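One chain, chain A, links the two complexes that follow: it is found with chain B in the first and with chain C in the second.
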Partner chain A sequence: MQMLMQTLVTGLAVGGIYALMAVGYSLIFSILNFSNFAYGGIIMLGSYMGFYSLTLLKVPFAAALIISMLGAALLSFLNERIAYSSLRKRHAPSLYFMISAMGTSIFLENMVYATIGSDYNAYPAIFKQSSVSIFGSTIGKLDLFAIIFSLIAIYIMNYFIQHTRTGIAIRAASYDSEVSQINGVNLSAVIGLVFVLAGLLAGVSGVFLGMKYMAYPTMGWITNKAYISAVIGGLGSLPGAVTGGLILGVLESLVSVYVSSLLRDVFSFTFLIVLLLVMPSGLFGKYLEEKV
Partner chain B sequence: MMTKKTKKALATLLIGLLALSLAACGTSSSSTTAPAGTTAAENKEPIKIGHEVALTGGSSLWGQSEKQALEMEIEKINAAGGVLGRPLELVAYDNKADQTEGVNVAKRLVGDKVVAIIGPAQSGVGIAASSVTEGAKTILIGTTATNPKLTVNEDGSVKPYTFRTCFIDPYQGKVAATFALNSLKVTKAAVLMDVGSDYSQGLSQYFKETFTAGGGTIVADEAFRSEELDYRAQLGKIKDAGAELLFIPTMQKEAGLAMKQAKDLGLDVKFLGGDGWASKELVELGGEATEGSFYVNIASLEDPTIADWVKEYKAKYNANPVMPNPVLAVDALRMVVNAIESTKSTDSTTLANYMSTMKDVPVLTGKLTMDPKTHNPVNKPAVIETVKNGEFTFFEAFAGQ
Partner chain C sequence: MSYYVQGILILAMYNAIAVVGLSIFTGFTGLMSLGHAAFIAIGAYTAAICTKLYGISFIPALLLGGLMAGLVSLVIGIPTLRAKLRSDYFTIATLGFGEAIRVLLENLPITQGARGLPGLYPHTTFPVVLTVFVIVVFVCKNFVFSRYGRMAIAVREDFVAAEMAGINLFNIRLRSLFFSAVCAGIAGGFQAHYLTYIQPSMFTGVQSTLLTASVVAGGMGSLTGPIIAALVFAAIPEVLRVASMWRLVAYGAILVAIMVFRPQGIFGYKEFTFKGAWHALKHLYEKLSGKKAAGQGGTKA
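Up next is the complex of A and B:
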């Protein structure tokens, strides 16, 4: 029983980070209908910004978090303006967006290799390493903080999209970009804003990943898991992304403990395939009809 | 007919492909291309020594240091008149510590007609590369590749052109298990290894064999896939099994994170690892959790035998060599130089035959004797190091078998 609780808690801690990244993916998917593989690169750079803010500039943690959020937001915005906007203006099919995104991702990774190098950069200890006990299972203070902060960030993001005027414009554009433009929505500005929002989340994810693990050039690979989470939850749906992330995190932990740690990905991907067979648009997906 | 739109679309696709292919061609060369076709007749022609090394990627920390050490050594040899009156030239290509890249690099070096290849440092990469070099009759000397299969075939026969300068996994796994039983006095051990790595699998297998043969029990045998960062699920199981010691035969990155996460889970065990730990990053990544952990290493910075060389390296590069790779690469180079000078030849078969029966050849770490049946050096000493106040400290020595 205690083992099960511990596994669930561990799963939630991992899933919290997946969820945070999945939301960024889903946001961009919801408006441009393609999977932005460059997002992993933005998260990686966000993580490096956090690392250098803490080690070189020696700013307090909160300031480092803000610096990397703003920095990642700027990069994400530039990513759209440089790599995607001209494709968008020519109404290129989403395959081209994806190729461009992959190119950007490889470019960013190799740029870091070439300039910063391939070292693993451990964040300085922000919290003294200690853990908290919940119902007999232990969780690191950092993990607890990361889960809570991630959920708050996602909540604020969701509130913004659901309840503000700009949020309504984003949602309108994501349903039908042509019609929303006719109704006076500045599509280019809305898309830019979506990338900025996704970038803010990328900054948070980057800093948390760096604190939990470390900052290094290929850390973007972990966003594969976030992408799967987003697909499980239904691409384009924010609550779906959060649910997908938590489900994947918990599922992975359960498989590792009760089946075999080696079969973890076999199980996760089988789950994904079965789920897509039963619910082709994921748990909360809404796009399938329009896409066909 | 091609419309303007399709043309543009095609152009974009091409740019994308170009970006991908550029990234794929990242293999970097550090030598200037010398004219092909070295003939022994032209005696001033440099003798090319190949270097299969990870200059980018996760293992580059050691790779870069290894290359610097070889460059320093070759500079010295050339300043002293070279070998057989000919200068040495290092041809180093980046294998990214990757098996596919390792094979590509081996093919390139064979094409460059190098006399011998130093490296790779990783067993998996070395085994893959030796499939190329054996066929091409090119000498390959693994530096820190400790898996037995580097130098012997599956059927137990020795690979005539493949050697190494370090001890092998069975020995390292044995040292770790013996140390756990005799010095740490534990009887219940758990293992957390990387299934994607030959190195990790080799060490863990021999650790388990020796540990159980010596009266200990393996209470948990867990694994993860390479590139994974979160081991808490596995660690939770290990905690539940009541282990006293956790053996983590991985590289510093995984080991550092695993120890940190183990402490988060309140796992109170002793940590033990292999030579893959030997990088400052272990302490940086693992933080205070690494304090008091032990690992087996091939050589120690504090080893008095190499003290002068370490000083020289430090004076030149303003940093300590990243142990143990540079030392073993220099051993390999001295092996090659000794062979060329003794046989007065650069023919690979002559050299390989000579190396196979080398006895008491002076190298950096002492005197090297090769076992002709396995091409492993005999009597290589091992050291146990520990983390004390965040620094690697020499703990005890393990004399050769």
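Up next is the complex of A and C:
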């Protein structure tokens, strides 16, 4: 029982970061209807920005977090303007967006590999290796901070989208971009904003991932987990992305402890495929069929 | 022909076998796979285990590798294609599938885990690869111009209309997937017996991405386009050994540039022919040599 509790807590801590990434990714999906594979690259660069702000600029942690959020937001915005905006204006099929995103991802990852190198960069210790105990199970302070901060960030994002004027425009555009334009929504600005918001989340998740697992060029593979979380929850649904992230985190930690840590990924992918067969649009998916 | 050039050509041709197979799937049904490295891996491991542990001769082992990859493709293809997943979901399912296969290879006893299988006999020789390459291209060409190929094109262009016209989407997509997996498996067998060792780490998502990239860069819906792209992509890093670190950077940039400026790929739906190339050259020459061609509205290549 003690062990089960501990496993669940560890799983939730990882799941919180997955959820954070999945929300940014799902946000972009909800408005442009394609899988932004470049998101992993943005998160990776966010992580590097956090690392260099802490080590080279020696700024306090909060400042490093803000630098990396702003940097990632800028990159995400440029990514949209360079790689997607012309496709969008041409009404290209989503396959083309995905390929363009894949190209961006390959480009960013290998750019870092070729210029900075393939070293693993460990973040300086910000939280002492101490832990707090909740319900008799221990959780590292870093994990606790990460999950609380992730949930706050997701909450703010959700509030913004549900309750502000701009948020309503985003939701309208994601529902029907043509009609929302007729009603006076500046689509290009809204899409730019969505990419900036997703970039902010990418910066946060990059810093947390870096603190947890170090910063390195191929760390973008962890975002595969974000894609999977988002698909489990149903692409385009923000509550779905959070739920999917937490489910995936807990599932992985259960499998690692009770089955085999080596086969962890096999289990998560099998779970994804089985879930898709039972619920083809994920848990909270909006669209079952492709838009015609 | 020097040994070095032969080496590059072998590499380029077995890559092209996998790419042309994938072009039948992605280019002609419009579904994108990010897991085809897994089929190459399955073919490579099956062929390697056959020749190394069971002493089966090379060609049957190669075919067994292709067959095995094809059978595994049914395992992933039947449920996902029958469920008619949205194309994004399908792509992510293949991505997950590819990673899962790699993790399995790292943990099964018969594949010797992450250490891989060293000491394979270098069966992959130039004439063998060339023969298989020609056969595969010939089969692909016949597939495209067959009834199934026409149906696949209809599915890619508008799957709703195609289904209404009585085409069984599931059947067509599964056939294309099976075919592409067999090609990938055969390419894997060649790769294993060319490099003489295989490891699970060779078959990552990056390789899957590059396969798809070749298809897209060459032109979805063309056979010769992806083949040329595969040959070029395989040959360039060999020629520019120094710049190998930058080659993937360039791939990424090229992919984005193609999508932004020429989304139909280098060749689009067209096939490369010598006649077409001649016209294109002539057109280019006329364009460069002055206004003479401007009024005549140049030949279309």
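Here, the second predicted complex is superposed on the first by the 289 of 292 C-alpha atoms of A that agree within 3 Å, B and C clash if a C-alpha of one lies under 4 Å from a C-alpha of the other, contacts with A are read in each partner's own complex, and residues count from 1 in each chain.
Rule of thumb we're sticking to: a residue touches a chain if its C-beta (ideal position, glycine included) is under 8 Å from a C-beta of that chain, and two chains touch if they have at least 3 such contacts.
Note that this is a predicted model, so its numbers are computed, not measured.
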Chain B versus chain C as contact partner of A:T7, first or second or both or neither: first
Which of chain B and chain C A:A125 touches, first, second, both or neither: first
Touching partner for A:N186 - first (chain B), second (chain C), both, neither: neither
Touching partner for A:L87 - first (chain B), second (chain C), both, neither: both
Chain B versus chain C as contact partner of A:I99, first or second or both or neither: both
Which of chain B and chain C A:I228 touches, first, second, both or neither: second
Chain B versus chain C as contact partner of A:F107, first or second or both or neither: both
Partner chain(s) touched by A:Q162 [first = chain B, second = chain C, both, neither]: neither
Where chain A meets both chain C and chain B, residue numbers: 87, 90, 92-93, 96, 99-100, 102-103, 106-107, 109-110, 113, 221, 262, 265
Chain B partner contacts - residues on chain A that touch it in the complex: 3, 6-7, 10-11, 13-14, 87, 90, 92-93, 96, 99-100, 102-103, 106-107, 109-110, 113, 117-122, 125, 129, 131, 138-140, 142-143, 212-214, 216, 218, 221-222, 252-253, 256-257, 261-262, 264-265
Residues of chain A defined as touching chain C within the complex: 29, 34-35, 82-83, 86-87, 90, 92-100, 102-111, 113-114, 221, 224, 227-228, 231, 235, 262-263, 265-266, 268-270, 272-273, 276-277, 280-282, 287-290, 292
Chain A partner contacts - residues on chain B that touch it in the complex: 5, 8-9, 12-13, 15-17, 19-20, 23, 26, 56-58, 60-61, 195, 222-225, 227, 229-230, 232-234, 236-237, 240, 252-253, 256-257, 260-261, 263-266, 281, 284-285, 287-289
Touch list for chain C against partner chain A, complex: 30, 32, 34, 76, 79-80, 83-89, 91-93, 95-97, 99-100, 103-104, 106-107, 160, 205-206, 209, 212-213, 216, 245-246, 248-249, 251-256, 258-260, 263
